[in-house]
């Protein structure tokens, strides 16, 4: 009654009884999903622009890569393998979350975390086999920017997984936390999806162009 | 009702001598703790929104004062009042402030306050993120002016072209501060955009289908999408710039495969849409005010919406018209000319629709409408000079002259600031519960309108007479003295007018006549709650059944029951037809967004001096974010209590 | 309220560095007002009294002075003999070896008086102000000036990491090396 | 350039304070102020653009008046209401076909006018591209902070020469400038002759124009380039082919030896002080490349890229402390003894 007074126009008819509705939802119905997708759109644009910068530099020089050998394939390619493999535990975790299967989520997140750690380790090696430095020339700068940008996302998402994973073990928990797990899995898919074109640009373009 | 109004006031302005429990009882978890801590921890989109707007307006005044100094210097030839070093900092900080720290943020801030109310939501999506965005923005803007005070004010222009802003010619740390300011405003702007989009898509009142959304909400939706896709461009550009300056990368070094034009492409790919971040919300204000003050729905709702969408898309296709004087291929030029001219059509369409609305309506000539009428006069003129600038040959003559200075102020002040002032007069009663003084309002308008035209119209002629932009002085025999003097006098009028506005706000906040929930007899949902709105906005939330809910006979179809205030819950609806889908508990107020913002600021500012700050600076940020995210036991318990049985 | 607080803190943080690093001194140095002696008409170079040390720091911490020094280094063709600091006909300037002293005043004297084995005397050819700027820049080449004031990379072919990325090299005194040793 | 009177006075005062220069009275020059005005075209390129401008101005003025008129009529026509007036919600359903038709018509007219303007733009673009370039004068123009270096190309290497801040061009002959920048981005703009073209480091741009009327046309850097962006002007002097050829001949020759004792001392001062570190004078050991070539400095109308009129007091003031006149400029202040300064000024005065 007092509450009703806060909306000056008095409304008797009840249009919606929200009490019957659930207090969270998965997928594009959830607000978290839109937040995650928004961030993905922003970062996807950033990746696209960095790739644009890379090719802009390409149009400015005659030889490609300019006074440098193409990056060595092994670590980067290994990372493609690791990332593609990581999609499976990631998918499993997402499904587990949507089943509210806490045990499954715990196992899944630990596995994902291991994959993330492996990827970061290999990424560190990648930086040592680029055959160019950021201050060699504009090509080197673009390579480092592109790889650095992706590494940043990698690290943030692994950290995010770690925190969320810990919460899954320690609590306090309620079901809406499983939505966070499923969004975290979605974001990891984005990191994977972003890596494939970036790998093509960094490792294959210097050999094809 | 008045009791609730005052309860709202209490929540919106803590420290008033009223017992807090009354509000707590009514609004439960929506209410902030009293006192300073509560004020710093608040995530109420209305309190944050008011702060956002006030701060941005403060920067508007500061930026305006810098402009005043510039007009003082230029008011007579061969003036030695201000030297080139200071003058370059003045116009750079003026431009940077107005574009990055005033215009775009204040439009987003209006969205933060009004979008949830206009879509009938009880809260904004991601309220903690909004609080964080505000603090980051505040610290970033403050940093710019602290830098100016310390003679580290950026001095390479708001567009910061390389190589002038680059490592070799941008001596000292000035351009680094510029680049980091961009990063600050980026973070803030992008987070607000995501939050506004989500609010509009998922938190609309039941029954508010997409084609029933108020036009202002459409404007903010489109603007937010443009921000999401345009801001990253300047983010990458400024990152590359600071890397060039700090660690010796070569993005803009033509001798090592980089290119000065790369900067221009990246900057204007963002820079041109940015004009429309400022302009589209302005159009939203105009649609809102025209509708209310001609007592009828705006003519051609669909046409107006489609025009705004078209503007949004086209605005990404004309950045090169800022670069006609560089060697761009001929074909490209005519394409960008065409695009730059075509974008006039959607705007023209809206203007015709508004004139039609006024023509067929019953006009209420109050101050908000006055500012909109001023908008018509100024914006149309600015738009037409815009078409002139779109023509490559003509642009080659007037590009980078005072003609452009005139044009951009006609477009941005006409298209952005006049509607904004109209919106201030229109929504002030909603925010404070009191009306702004009408007489002062009319003085405010006429002084601004006359002062503006006196200040900026002569600049068209100056440009054609050959006066380039960004000159700190000019010789007497150039013959530019008289028009410059006139222009400076006009600037004085503008200053007086803005001063009147400030006085009006200060007086009316305390002594203005009480407004009541709906002083203008308007149609949108924000007028369905008390002025100022209570914490949680709507008790109960309403379901709508039409485009003009408060005008149409059965515009409000009923109320929403079953949402608790403790934990505070919002109703999440579906994307297209806004049918109820689930409840969502919004997080409790917390100090962590502020602490995270402080950590962010420390990192950004330190990274100007050492690249390693990016590494060690991110540790406190991570800690703050974890603390922000980590749920408390009571929260989790409350949520569990509200779960449906599996 | 919060803004002023933050502003206060930042001011406190930056005040020491800000002004000195950023100031641009355009006005003529004090010397110009007092009419100096007529221009010498012979190449003989009287020893100049080394000016007292206190002037030097003013240039060391000032970004524009260092940038000007960098510009003059090539305009006055110092790189003709010293290359980009690696040394060629003249000794290297980016290493830690100092034959005639690493203090600004020493460098000042070297430029103005000239040195045996080919360093010409620029006294009278380069105004005092600019000699100090050059001296400050020469020190920045071996990382002896504050990083936040030292020049960044040029918009040119990359020859060596820029001065603001050069680690400080502790000066050591050394006897003049013969040009043959140097050119290795 | 009569406007310089006051400023010249200023220099005289400063110089008398600085050095015991006995005040000299200079004859007021009878030259008219040089033109710098897009609305007074002096060649085909500026002419085409001016024509486009007139069309645009006409059409846009028309549109502006129409819209504002429509608005005013609407305000007069519509009845007044107040906030209590019941809103006309029928408008949501009512068929407002008349209004829709008139709005549609207005949009159609706007589209038509835009097409007209676009057409005119394309035509003008064509016209600009079709300037005949037979026996064009080729000049390399390099932008520096904050002055213009002009090199007159010639198949005969001996005939190539450099000058600064002043272009001489023959009336009626096309001129092709190839534009480069040595430091930051500048923009070449002489409104009476043509629109802008940017000078961008690492790129070469060209611009072609023709002066059809003799006269002095002033141009100014139009892309912000730092401290002295405001004082980076150049003069384009369009003269009859005969005068132009004479000027060419004079400019190709190197400087004459100093005629008298003062000038000789002045030359010594020039060579032994800082001047020779950056400036060149043809026929002397001075061959600095970082500052304007002074071989024929005395024949130019202005000093310091149009900042000063070229006359002894101004020159003296400039030499002693350029930072008073162009703060931030790259020329350092010179502490010269009065006698040396007078001699130097006298010597430079002989470099016709």
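Each chain carries a letter (A, B, C and D) given by its place in the written order, and its residues are counted from 1.
Just so it is clear, a contact is a pair of C-beta atoms (placed from the backbone, for glycine too) under 8 Å apart; a residue touches a chain by one contact, two chains touch by 3 or more.
Please read all numbers here as calculations on a predicted model, not as lab measurements.
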Chain with Cα centroid nearest the overall Cα mean is chain B
Farthest chain from subunit A, going by mean C-alpha coordinates, please. D
Cα centroid separation, subunit A vs subunit D, in Å, comes to 53
Cα centroid separation, subunit A vs subunit B, in Å, comes to 29
Could you please state the distance in Å, as a whole number, between where the Cα atoms of subunit B are centred and where those of subunit D are centred? 38
Expressed in whole Å, how far the mean CA point of subunit C lies from that of subunit D is 36
Using the touch definition from the top, which residues of subunit B touch two or more other chains? 83, 85, 163, 169, 244, 247-248, 250, 253-256, 259
Where in subunit D do residues touch at least two different other chains? 201, 227, 327-328
For subunit A, what residues touch not just one other chain but two or more? 135-137
Using the contact definition from the top, classify how the chains connect: line, ring, star, complete or other. other
Considering every pair of chains, which are in touch? A-B, A-C, B-C, B-D, C-D
Residue ranges of subunit C in contact with subunit A within the complex: 153, 158, 161
Which of the residues in subunit C come into contact with subunit B in the complex? 2-3, 6-7, 10-11, 13-15, 18-19, 21-24, 26, 63-64, 67, 147-149, 151-158, 161-162, 164-165
Along subunit B, where are the residues that touch subunit D in the complex? 78, 83-85, 88, 156-157, 161, 163-164, 169, 254-255, 259-261, 294-297, 299-300, 303, 325-327, 330, 333-334, 337-338, 341-342, 344-345, 348-349, 351-353, 355-356, 358-366, 373, 376-377, 380-381, 384-385, 387-388, 391-401, 464-466, 468-479, 519-521, 523, 546-548, 551-553
Subunit D residues within the subunit B interface of the complex: 1-4, 6-7, 33, 36-39, 46, 48-49, 52-53, 56, 60, 63-64, 67-68, 70-71, 73-75, 77-89, 91-92, 96, 99-100, 102-103, 106-107, 110-111, 114, 117-118, 120-122, 124-125, 128-129, 145, 183-185, 187, 189, 191, 194-198, 200-203, 205, 218, 220-231, 327-328
Subunit C-facing residues of subunit D, complex: 18-19, 201, 227, 268-269, 272-274, 276-278, 290, 320-321, 323-324, 327-328, 330, 332-340
